[in-house]
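These are the structures, in structure tokens.
There are two complexes below, and they share chain A, which is joined by chain B in the first and by chain C in the second.
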Partner chain A sequence: MDFAIETKDLLRIFKPSRKLFKRKNPNGNGAPEGPVTALENVTTQIREGELFGLLGPNGAGKTTLIKILCTLLLPTAGHAYVAGYDVAKDPFPIREKINMVSGGETSGYGLLTTRENIWMFSQFYGVPSKVAKARIDELFKTFGLWDKRDAKVRTLSSGQRQKMNMVRGFVTDPEILFLDEPTLGLDVNASRVIRDYVMGWVRRQKGKTILLTTHYMMEADEMCDRIAIIDHGRILACDTPENLRRGIRKDTTFRLEVDTLKSTSMFTGMRGVKNFSAKNDIANNTTSLTFILEDESPVSDILSSIQSQGSKIHYLQKSEPTLEDVFISMVGRGLE
Partner chain B sequence: MSTATATSRIPHRVKLNLQAIVGRAYPRVIGANREPSWIFFEAILPLLGIAAYVFIYKALATRALGVILTPTPSAPYGMCGPNPCVDAAQQALFQANSIANTNALIATVVLGGAMVAFWLNVLWSMASQLYWEKEIGNLQLYMMAPMSRMALLGGMAIGGMFMTSVRAITTLVVGILVFTVTLQLGNPLLLLGVFFVTLIALYGMGMMLASLYLLWGREAFNLSALLEEPIFFSSGFYFPVGGFARFGTVGGAMLAFATAIPATLGLDAMRQIIVPGSPSLPIPIPWSQGAYLTPDLEFGLLLVLAVMFLFLARYTLAYLEKLARREGRLTSRHQ
Partner chain C sequence: MSSAARIHWRSFKWAAWLGWEMDSNWTEPWLFMVYSVIKPIAGAFILVLMYTVFALIGQFRDPDLFSYIYVGNAFFIFVGNTLFGTFQVIQSDREWYQTLRYTYISPISYYTYIVGRAASKVAVAALAVVITLAFGALALGVRFEINLAQLPIFAAAFVLGLFCLVSIGICLAGISFMTAKHTHGLAEGIPGIFYVFCGVLFPLTALPEWAQSVGRGIPLTYWFDLTRRLLLPPNTISTGLGFFNDYEILALLLASSLIFFLMSIGIFKLGEFLARRAGKIDMTTSY
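Let's turn to the complex of A and B:
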């Protein structure tokens, strides 16, 4: 089996910078900043031709992992191989085969036109100029940027800019593409265009691999062949979306919407509650709760606890587990 | 031999790096045409700075000529230096020398004013550039690309040289015309050689500083501002830097420091070439009493500086990349 990406016991620790005057810990307890373990024993294999998703909350280690795989960062310990090359020892052959696009990226130069900007980046990968220009035109049409081909980069909206970034990622025709939350902040239509193209790109061509991180569960569910759930630098689970859901199917998922709760601490450690997430909607003065339960027996305790706070229950629904439920079950909180 | 065959024979990495140089130079070359306001701000405004020095030198020259040409009972042919002129011929000789010296000073100022554009470009568009690239999010994309990092800096330098040459030549031509400077092109080949080697050494220095700024400076513009006026002064952008030799040990030390900056040697060599007969820069080392830096020698020293700065740039950039990968704090905007 050929793996496009392989990591073995990957560890990455960020040490505080050595300074004459040590910075205090941002949490204000006066202690100097300590080392942060961003990745811990990450072992994973991504097959060639796979669209692989990485799901995790902020600070889980997703971007650190992508940076190591993109040769921007060295692992503290362990090994990572991209296209068969060791990221620590052979960065140059890897760089010829990869590209990366991040959400909210502001790369390029404002005085260049969008076409010139992409062409410039293509030259850093040695794409022949004519080939690059033809690809740019084709991709601009696909991503709905054709009208903006001669517009200066500084005049683009954030959505148009992100589409341009996607064109930058595809123009070099990489073997492996890293997409770090590529649809972040985009409207529904723009996201749809990007998702469709990304899925088509992997399926249409042999040997193309994508590693995608996203905050959107639906996106991961729809797009990815396999998903790894990562939290606190550790991979908690890695499987197809269907298998991940199947894994918690024996559990019971309940969703509730209630008047805003003052506290949700009473659910922590409640008998029969495997995990839960709570999200407040300030505008509507409600709290949305999702419970992963071992069985239905804790429901009455949950309802009693809610009512004891004087909160009214708007709806209660027992549902089939979604990827979000899998995430809550493993991480103990939602993504947002 | 067809073009395709020729191209295929170019080693892959050489081709990649040449493309990268062209790619990175492009925004600077195109930028020169896309913002026409530069003509006013970067070619005409420097003339005001030049004008201030020109008027000072002209005022001093008028005073000196007045002393030479005004007869007094004790000096009927005026003063030739500290002594009275012995006859009209000596007076005429001193007058001619004074006019030539004034022309040489004004030529130095106009040349310095044009070269200022390069120093500013090296500071603000080379040395500070990697810092800005990090801030706008380009640096990590550059570091992730397969090109050589020197190709990236080389592209920035070539683009900057082109853009700034257009500006500097405009300032030079307008300066020569407005201030009626008389130049002599005794050795145009050496002039061109000195000019280009000065640029290579200057931009090599900028390439080296680019990595150092990123390593040391959180606020690159402060470092650039710090290196502006002191270098204008010590490199003699507006006066012949050889004057430092009159100030004993301190002047000698200043001169020694200044000669490590390619602009000093380049300016002095060009001044000597376009104003033949103007004094040479004394060699700023104690045991070289009486020896001077001729344009040929300065050209050689500039070559050495160019090679040294390019080597140091490569070394510091490799160190920067190593550090960036190890600590992960240099290539990302928020780290």
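Let's turn to the complex of A and C:
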């Protein structure tokens, strides 16, 4: 089978730049900067026509992987192929077939109009001018930018710029599209429109492939044919959303909301607790807990531990596993 | 047109379009025109002031020397604009517009793209040079002597000079792939080196021997010398290159330009590879 994207034992290590005088770690912990492993032995295969999701928290290695596949970055070791071409040795044929959109950034030439900006990029790809202009008009209408078609880019809000960049990604009608957190920072409606368009684009046309990175569980669950869960540069699981959920269905998932807990360390290693995550809501003075349990037997111990801290339980719910539960089950913490 | 030629043409054409839009669209067209005319004339007045001060200190009045300085400085406008136009592209696209990653992953030649972006700066510089020369002839008494039979050699020298400048600019662009905070230093420093060592303001013979050797290693020295020979009447100024005839100077300019062109390809490719390896192609540093 031909794969649109294939990686084999991909490794990427970022070394700190060599300086005459050693600097302290910018994190401020006093230790010298060391190499960072952003990707470790990543092996994956993405089929042509697939909408493939890469789900992981910030710093998991999602953007690094996309940068390698887009020919912006070289791997330290291993191989990556896009449309059958090696990203390290043969970047040019790859560039003819791909495009990329990064969410949350506000790129663009402020002196050009939105239309000129997009049109210029389409010309880099050799799209006939008439075709490009028709596509731009259609995409501007779809993404709600029609009113801004002749506005200078410098006058756009950051959300509008992000939508403009989505148009830039689709205007070249690439075979393979990389979407790096495409809805980051967008409002609910704009995110909805983008998700619907992306799903329609890949399903409507034969041979289109999308690699989407996100840390929104719902987005990955709703959109993707298959999802790889990535953390600390390693792919922990890769399957359809349904199969990933099914994998932990034999486990029991409980959600609780309690008064803010001083400590959650008592849950670590508690008998019957496979994994858990805790998230404090400072505004409401509460802690949200999700437990992945082998069965229901540890529930009474959990409740006792919470009450021993003097914390009141607001609600307790047994629920069907979600992708977030899959993630918690694998890495022991939530995504956000 | 072959596929490769089509890609290079596409890269150049749209980069030049973008460069022109950015250079000319920052204000109203009439203000842009006024600015384009006034700026070189203001530069000419600075030159007049510099010459007057030199003349007062040195107790001399030499129209040939004034013409020498004037033409050198007029053509130096190309140096500043072309070098800045080439090697600030990476910095500005990467840090300010944050478009570099999208341009870089598009199917163009990034080398040719940078040349295209510089084209508008060269066009703006050409207008400034013409205005400066015309102002010198009409208002400041700079005497030109142009032999029509020598126009082909002038055209060849002019094209080679620009070719060489773009090549030097691309060498610096290759370096700027890996740097962020030093770009402005390079933008000021490198033209400054050329200003001192290439006989722009004073003849090469005014420099110590070692500095003259440095000047002879830079193609722009030959460019300035040949341009003056072809535009100004014969004079007695010792340039240190008088033992070469015009064709020999042209040959030296051609040879050194080719060397710099090959260097530009090597340095650009190396800088690109190192930046791709280090993850610096699209870095934003907020410098």
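In this text, the second predicted complex is superposed on the first by the 330 of 336 C-alpha atoms of A that agree within 3 Å, B and C clash if a C-alpha of one lies under 4 Å from a C-alpha of the other, contacts with A are read in each partner's own complex, and residues count from 1 in each chain.
By our rule, a residue touches a chain if its C-beta (ideal position, glycine included) is under 8 Å from a C-beta of that chain, and two chains touch if they have at least 3 such contacts.
Predicted model, so just to flag it, every value in this text is computed and none were measured.
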Determine, under the contact definition given at the top, whether A:L112 touches first (chain B), second (chain C), both, or neither.
-> both
Touching partner for A:G233 - first (chain B), second (chain C), both, neither | neither
Have a look at where A:G56 lands relative to chain B and chain C in the superposition and call it first, second, both or neither.
-> neither
After lining up the shared chain so the two structures overlap, which partner does A:F121 touch, if you call chain B first and chain C second: first, second, both or neither?
-> both
First (chain B), second (chain C), both or neither: which does A:M100 touch?
-> both
Which of the two partners, first being chain B and second being chain C, lies in contact with A:P182: first, second, both, or neither?
-> neither
Between chain B (first) and chain C (second), which, if any, makes contact with A:L73: first, second, both or neither?
-> both
Both chain B and chain C touch chain A; at which residues?
-> 14-15, 17, 67, 70-74, 92, 95-96, 98-100, 105-109, 111-112, 116, 120-121, 123-126
Within the complex, which stretch of chain B touches chain A?
-> 12, 15-16, 19-20, 22-24, 26-27, 30-31, 34-35, 136-138, 140-147, 152, 324-329, 331-332
Contact residues on chain A for chain C in the complex?
-> 14-15, 17, 67, 70-74, 92, 95-96, 98-100, 102, 105-112, 116, 120-121, 123-126, 168
Parts of chain A lying in touch with chain B, wherever the complex brings them together = 14-15, 17, 64, 67, 70-74, 92, 95-96, 98-100, 105-109, 111-112, 116, 119-126, 129
Interfacial residue positions of chain C with respect to chain A in the complex | 6, 10-11, 13-14, 17-18, 21-22, 25-26, 97-99, 101-108, 273, 276-279, 281-282
